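Structure below; questions to follow.
Here the chain labels run A, B, C and D in written order, and each chain numbers its own residues starting at 1.
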Amino acid sequence: MVSGAAPRYNPAVNPHHPAHDLDKFHEECALFGIYGTSDAAAHTALGLHALQHRGQEAAGIVTFDGRHFHNHRAAGLVGDIFGEQSVIATLKGYSAIGHNRYATTGGSSDRNIQPIFADFDFGGLALAHNGNLTNAYLLRKELVRMGCLFQSTTDTEVINHLIARSSYSPVVDRIIDALGKVKGAYSLLMLTAEALYGVRDPMGVRPLCIGRLEDAWIITSESCALDIIGARFVRDVEPGEIVIVDGQGLRSIKPFAKQQRRFCVFEHIYFARPDSKIENVGVYEARKRIGMELAKENPVPADVIVPVPDSGVPAAIGYAQKSGIPFELGIIRNHYVGRTFIEPADHIRHLGVRLKHNANRAHIDGKRVVLVDDSIVRGTTSMKIVEMVRSAGAKEVHMRIAAPPTTDPCFYGIDTPEREKLLASRYDVAGMAKFIGVDSLAFISIDGLYRAMGMPGGRDAANPTFCDACFTGDYPIALDDLNDTEDRQLSFLAEPA
Amino acid sequence: MVSGAAPRYNPAVNPHHPAHDLDKFHEECALFGIYGTSDAAAHTALGLHALQHRGQEAAGIVTFDGRHFHNHRAAGLVGDIFGEQSVIATLKGYSAIGHNRYATTGGSSDRNIQPIFADFDFGGLALAHNGNLTNAYLLRKELVRMGCLFQSTTDTEVINHLIARSSYSPVVDRIIDALGKVKGAYSLLMLTAEALYGVRDPMGVRPLCIGRLEDAWIITSESCALDIIGARFVRDVEPGEIVIVDGQGLRSIKPFAKQQRRFCVFEHIYFARPDSKIENVGVYEARKRIGMELAKENPVPADVIVPVPDSGVPAAIGYAQKSGIPFELGIIRNHYVGRTFIEPADHIRHLGVRLKHNANRAHIDGKRVVLVDDSIVRGTTSMKIVEMVRSAGAKEVHMRIAAPPTTDPCFYGIDTPEREKLLASRYDVAGMAKFIGVDSLAFISIDGLYRAMGMPGGRDAANPTFCDACFTGDYPIALDDLNDTEDRQLSFLAEPA
Amino acid sequence: MVSGAAPRYNPAVNPHHPAHDLDKFHEECALFGIYGTSDAAAHTALGLHALQHRGQEAAGIVTFDGRHFHNHRAAGLVGDIFGEQSVIATLKGYSAIGHNRYATTGGSSDRNIQPIFADFDFGGLALAHNGNLTNAYLLRKELVRMGCLFQSTTDTEVINHLIARSSYSPVVDRIIDALGKVKGAYSLLMLTAEALYGVRDPMGVRPLCIGRLEDAWIITSESCALDIIGARFVRDVEPGEIVIVDGQGLRSIKPFAKQQRRFCVFEHIYFARPDSKIENVGVYEARKRIGMELAKENPVPADVIVPVPDSGVPAAIGYAQKSGIPFELGIIRNHYVGRTFIEPADHIRHLGVRLKHNANRAHIDGKRVVLVDDSIVRGTTSMKIVEMVRSAGAKEVHMRIAAPPTTDPCFYGIDTPEREKLLASRYDVAGMAKFIGVDSLAFISIDGLYRAMGMPGGRDAANPTFCDACFTGDYPIALDDLNDTEDRQLSFLAEPA
Amino acid sequence: MVSGAAPRYNPAVNPHHPAHDLDKFHEECALFGIYGTSDAAAHTALGLHALQHRGQEAAGIVTFDGRHFHNHRAAGLVGDIFGEQSVIATLKGYSAIGHNRYATTGGSSDRNIQPIFADFDFGGLALAHNGNLTNAYLLRKELVRMGCLFQSTTDTEVINHLIARSSYSPVVDRIIDALGKVKGAYSLLMLTAEALYGVRDPMGVRPLCIGRLEDAWIITSESCALDIIGARFVRDVEPGEIVIVDGQGLRSIKPFAKQQRRFCVFEHIYFARPDSKIENVGVYEARKRIGMELAKENPVPADVIVPVPDSGVPAAIGYAQKSGIPFELGIIRNHYVGRTFIEPADHIRHLGVRLKHNANRAHIDGKRVVLVDDSIVRGTTSMKIVEMVRSAGAKEVHMRIAAPPTTDPCFYGIDTPEREKLLASRYDVAGMAKFIGVDSLAFISIDGLYRAMGMPGGRDAANPTFCDACFTGDYPIALDDLNDTEDRQLSFLAEPA
């Protein structure tokens, strides 16, 4: 889900938030649902904790205890929100769904924290969403015209109203009816008095998988959330599949027309946790293979391979193994950043203050250094890191990137800067190298990326198997809202500052 | 507004809240709206502060700045929520409405704090309500069946959905259409981009008045909220009147069929502030006249007239003046109670701990004491005060009450205990005297009350001019929800503990 | 105790604190100690709550459980600090002392909250102080020169160091040795592993009394703190007396040379609670007698006697009874002020915003009004109240004050403005009347005050029985620090803003 | 500094604190001082942030602005305490000292947060301490006997009182006089109105170094704190040296008898940050060399070298490079732990919940795995990690430790469990291998450790150049307090729970 159905072209993102690295793409959400255990909320909190990398702004859990739903949602990290036993104790029930939310712009008010809950004529329903609908604004306008009152500015709430107004029965048919009207990328969890539902959009852009823990079923974004509670990985939810878990066990329907699978390749490059297995691929291993392919495509004589911590490490290990050049932690990261930190006065900042990173001079001074990073977004962080490495005495600095140049924004649930802020849309590779100040810069090719993902022939342009729109501009799902030219104010209520 | 359309028969009220005197009826809300000043929020905060006696649980303000609505709502006292200039500064605009809410049971979750705001096809609308709808549950059931999603459990939100689904135009006609469907006691404020609306139900059960401050118009519950900002009292809003303030000034319509005025007499007896003028009557003066009438009806030889502080003071002064017996502060109140206080262990409590009151022994010891109080609800506080006065040495203790016996609950916006907890519904006057431990007990008669209110003939049973249902059981507005026999669960979401 | 041994000539008092009425003198502390009950902390918290009027900034309790001392001190009201059972539960023990502190200037940092605790070679000792030492700065300078490290800026800590360095034994002799070196007004409580000590300075300027609850002994500032826990008043501690309570019961010594008793008369006029009995006089009764004497000395033809709430009420009742003019609540006070409140913008403030008071127009309009107040300090509040009463339509406004003009600051434990800010030191009575805008102004005479206190001959100038320095400039205890001309920086550590 | 001069034999350490890894030794403090810049507090906050790994419980900064000292100390992380510009703004001045404190047991009350400040006859002095005095308890007893009042339970305060009572002059001579009486390991910073002082004990057990930033001088625990503000490393403070920085620049005295240098070798093994240079050795490089030496001493046929994150990484890289076996991130760490986290119910915990680590199955399953860690303390974490690696499918698990067995507690400023809880004091290596469940276990030898530190001949038992007491029991500084047999209650005041 994102706040506002339309792509955000002007994010005034909070620059003080330590988790907010302006120079990365950001996954916007994590999902975890469980059915059939007396500790549903505790398991869900643990699962959300394992998925914290997918969203750090806020989190919520809704449970059902056989009579009532229970709800707790707040801004902050999962451990801070759900770390107290007293909070978990109020979330009674044997089924639960939970959601992590990324620190986005504008719509960061409490009313947008998920799961969202509503009372229908058939009873309560809680809903959590990872992805982004591409016709939500148009649908919302129509629904408001018909007398619907929205309580949030998320695209997700459109689904709720479509379910409320659907004349079908039973609930699953109302869900199918509603989803038949939305376009976009989505993985969804829903919880009713009767069942837990898991859904993936017909192209399967966002991940969702199934696990088992004793008698309980779990549906969650990544397999690492199964590991933390000792659950067993069963399988991925299929694109276009609706999985229903209730007292009779798990069953599955596929009510939508079959389409080509287009899983988001950036999940493999950066978003997913390295210890997760997604779409049958181990993420750490995939990143190492990208690093190896990168070394093959873009070799360079050097003394040391240095990862940009922490996300560059697996590709750097692959690059080092392939190239035979030693791997060293040439940049050290300080993990104690706290909630916020000093915005130092100008003359202090110009000293080159480094709250997060420091060069490990012993392995940099006098060396030819290859920096390996996962991607370049705006390039500002890369520039600072190169400057830091140079001032620690590097003789040469070469940058190798484990992704193709990111030229296009994402409209399918990832927070990306507007196009003009993407370094790769402003410069060619030579210009980018100059901007960040390296002796050489190289990216893996789009075909190299597909090879590393196990397609020896590279990308099949006629029928690509991933969503790679951020590298190619090839958007597989129609962008209706984007093409609508009307003013798109969602609410007349100002968001809190 | 109240949470839940039906009367609350089993309130598990927070006994730790110092403002919560279980032995009083409680007003449930206050309203303050202003149109046409650059400091709309600051004035509204001051007005709500003056009306704090009508609700201490939570408060909210919504403003409109010509483009956006701004909203801040929180639990606590007005001074704590809106006391900081930084909060007021976020509430930009030249028009505003605000609401105080009483510490009720159950529905005390944040989602029920008013004003409630929603986006309609015509734009935003904020709504604040003092009173209680008596057919809200039935309407809600019907609306949910038609696909409406409710975000709160207040009766007030029904009005919102009725407006959203109305096919009339312009906005004022949608409001009239919606109000035509609801029954109950209500004073309402609404704020749109175009106008501020003030409405009183056709019987005028709850108060609402109009004031003027330079070019700005104010609509608020009591005149004391005009005094605090130096505004001038203009007139009461009439029963059944809709007042509309916009750039053209103030105009008025009366779209509903005219009915007998039935203003709540308990506002005069206890709820309203003594310095307010309501329905053309000064409240302090009315209470003194009740005390005088009480002295006439129920004289007793005594040495001293002692008010039960603070609400019994005006009637005690009236009683003293009429009877010629000296008035003394025989009971001293400690105003520093803090947010919560020790629930002392049993053996300490049995020492007779008195957090709020202490007897002023010099004026009690050896005296024949007349205690004057405004009303008796459960009788438990009266019992403790009588015991305290006796243990300070009183020779005789006589209790005189400036209201008739309260035998029936209120369904029109006042928080009252269920009928079985009302002392007057369990005992006759002799039994009540025994329960609270006095030598004599007397109440003003219902006719005496009407006489004190300026009707020399007493109550005209065929055509009474006040709502006095709590004394007479004569309910002037139909209680549809109460007579509906279905289960009345409003939401499947459990309220926070 | 006060922060800084020297009188404060320029208090930059927090104007936002709602409890801080700049136009009153302020008592600076309250004491409550108990020995011999298993709920020592709970009783102490209740006692401090009853004494909240003597200090609202901060409070602390130290208990002793037979092995360890336990300590909790914080800023805020007693009910907020000690209202939770969980806090009381940590304060184990059968003996305790507690302290309320007034919101003074400068030294409001946490390190100055009492009781102060220290470890001596003989064990732990906690100390709480009401009053002010007049040679503390000189003593402190000397002690620092000898190698003592101070942890606070209170005058009270001097006593601690004097005890620590005393070579006497046992503890009581060290206390006597220490107190023999200090000058000033003080009531003290001390708690050691063996005993509870209560001390009053040789002139008995500040109050202290003894109570009994079953087997426990209590020593506290006012008798109302005995009432709240159902304890029995035994007697006042005598001037110059040290009372010692331990396992053997209560004993008393009087080690200091006997001096003329000089109890602070302002305790009777304003500080003490009306339901307390102090120095054998009921406070409410004393205030009424002052009001009667005032009516005798300064009669005026009028329609209504109106107290300035809340402290003017008893004197107003006395004035009304003596004069035969009706007593009415012509000014209504709003008790819900919250922790802080809006400092409204200038143009709002000029509307005459009244957060605390409102005129009750019905009893003011067209009337000749006598306002009765307890004292005039700066006169600014009086001026505003007169203006409010006039704008409510009063025909004449006469002010009668139940104290002589306050011409001189206090150096004995009361927070007073510097002399130049005292209205009575700037103007004669006619000038004061003009300043506050009344038709007539009168004060009780100093002889009238003594008569009301039971001395038919008025004040015996050779041998006055009260400390009345604030009215007469006759300071009974030497002001050594004041006469020392050195710079008087107590600490190089800046106080928190 | 530690709380209580004696070693803590029974630490009831808070098991909920996420930073508290019970299975590591813990550095207890960090120091940062600066003299001669207008942003002294901001620089100090940045320096303390870089040193956060040395203490996470609390932090404090004292500055001097030419007239007053300013002080802010609180529990929490540096970024949370000092991250707001408004806090830094109150800490005015051109000189400052700061301190980080580790989450120790007992003495965690606020009164023990450093720097401690006191007013002396010569003016103010702030003091911060890294290390532990071994005769502090004996000195304290003596000082209390002489009339000193202590405000904390830290050993550090003893120094303050010794300075206060010293009859020498000027200040530096009082400091020398005081330090002449204390024994133990200490690095100290002091700040007076005139100067910044840095001191290292005669054996130089704890680190301290000097840096330069434009005109300002810095004295701090590790060089990484210089890097963060762009300052230049100048040199280490020498054992026994007192460095004095004032308006005249930096000068140095060495007033104590010269002794053999005995720097703590565990700083190199685990405490210091890998990017710091300490005692002329780069820490990351030292750890890699230890890993290489370990591989030489204890080879094993295997498929993969896996570091226990994060501290095992450098040694694992060294081990991998030396052995030629591939290095892989076989264990993934979750860095989002939040402040606290669920203590899951028993049956959940038994599922093997892993809040911090997860196995990266792709690199474990079917492999012979060598786990490399920096040390083993209690062995409980090692056991869980081995179990996790086995359940991810490892064929063999070998553990290699980059330190000798830790058999003895530290009394020089490091928080270690009591001896009986140290795994190496309970079992021989075979027993330890069985306890943690590995196929083989090996430690680097003490001689191997010295070789890795650059001493080809290994450890010279007659004249070792490091303090290695935790491996050898050879304590270079006398443990007076430990050998004193009296009861050692420091204060009769109970610490907060």
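We take it that a residue touches a chain if its C-beta (ideal position, glycine included) is under 8 Å from a C-beta of that chain, and two chains touch if they have at least 3 such contacts.
Given the structure is predicted, the values throughout are model-derived calculations rather than measurements.
Asker: Mind checking chain B against chain C and telling me if their interface is mostly the same residue numbers on each side, over half, or mostly different?
Answerer: Same: most residue numbers at the chain B-chain C interface appear in both copies.
Asker: Please flag the chain sitting at the greatest distance from chain D, going by CA centroids.
Answerer: So the chain farthest away from chain D turns out to be B.
Asker: I'd like to verify one number: the distance from the centre of chain B to the centre of chain D, where each centre is the average of its C-alpha atoms, in whole angstrom.
Answerer: Here chain B and chain D have centroids separated by 62 Å.
Asker: For chain B and chain C, let me know how many angstrom lie between their CA-based centres, rounded off.
Answerer: Using C-alpha averages as centres, the distance is 37 Å.
Asker: Need the CA-centroid distance for the pair chain A / chain B, whole Å please.
Answerer: Roughly 50 Å separates the two chain centres.
Asker: Calculate how many whole Å lie between the centre of chain C and the centre of chain D, each centre taken as the average of the chain's C-alpha atoms.
Answerer: Result: the chain centres lie 50 Å from each other.
Asker: Of all residues in chain A, which are in touch with two or more distinct other chains?
Answerer: Expected reply: no residues.
Asker: Considering every pair of chains, which are in touch?
Answerer: Pairwise, the chains that meet the contact rule are A-B, A-D, B-C, C-D.
Asker: Name, in rising order, each residue of chain B that touches chain C in their complex.
Answerer: 18, 39, 42-43, 45-46, 49-50, 52-53, 56, 76-80, 82-85, 88, 213, 224, 227-230, 273-275, 277, 282, 284-285, 310, 313-314, 317, 321, 326-329, 332, 334-345, 347-348, 351-355, 358-363
Asker: Tell me, which parts of chain A touch chain B in their complex?
Answerer: Touching chain B from chain A are residues 68-71, 90, 117-121, 123-124, 144-145, 147-151, 160-161, 164-165, 193, 490-494, 496-497.
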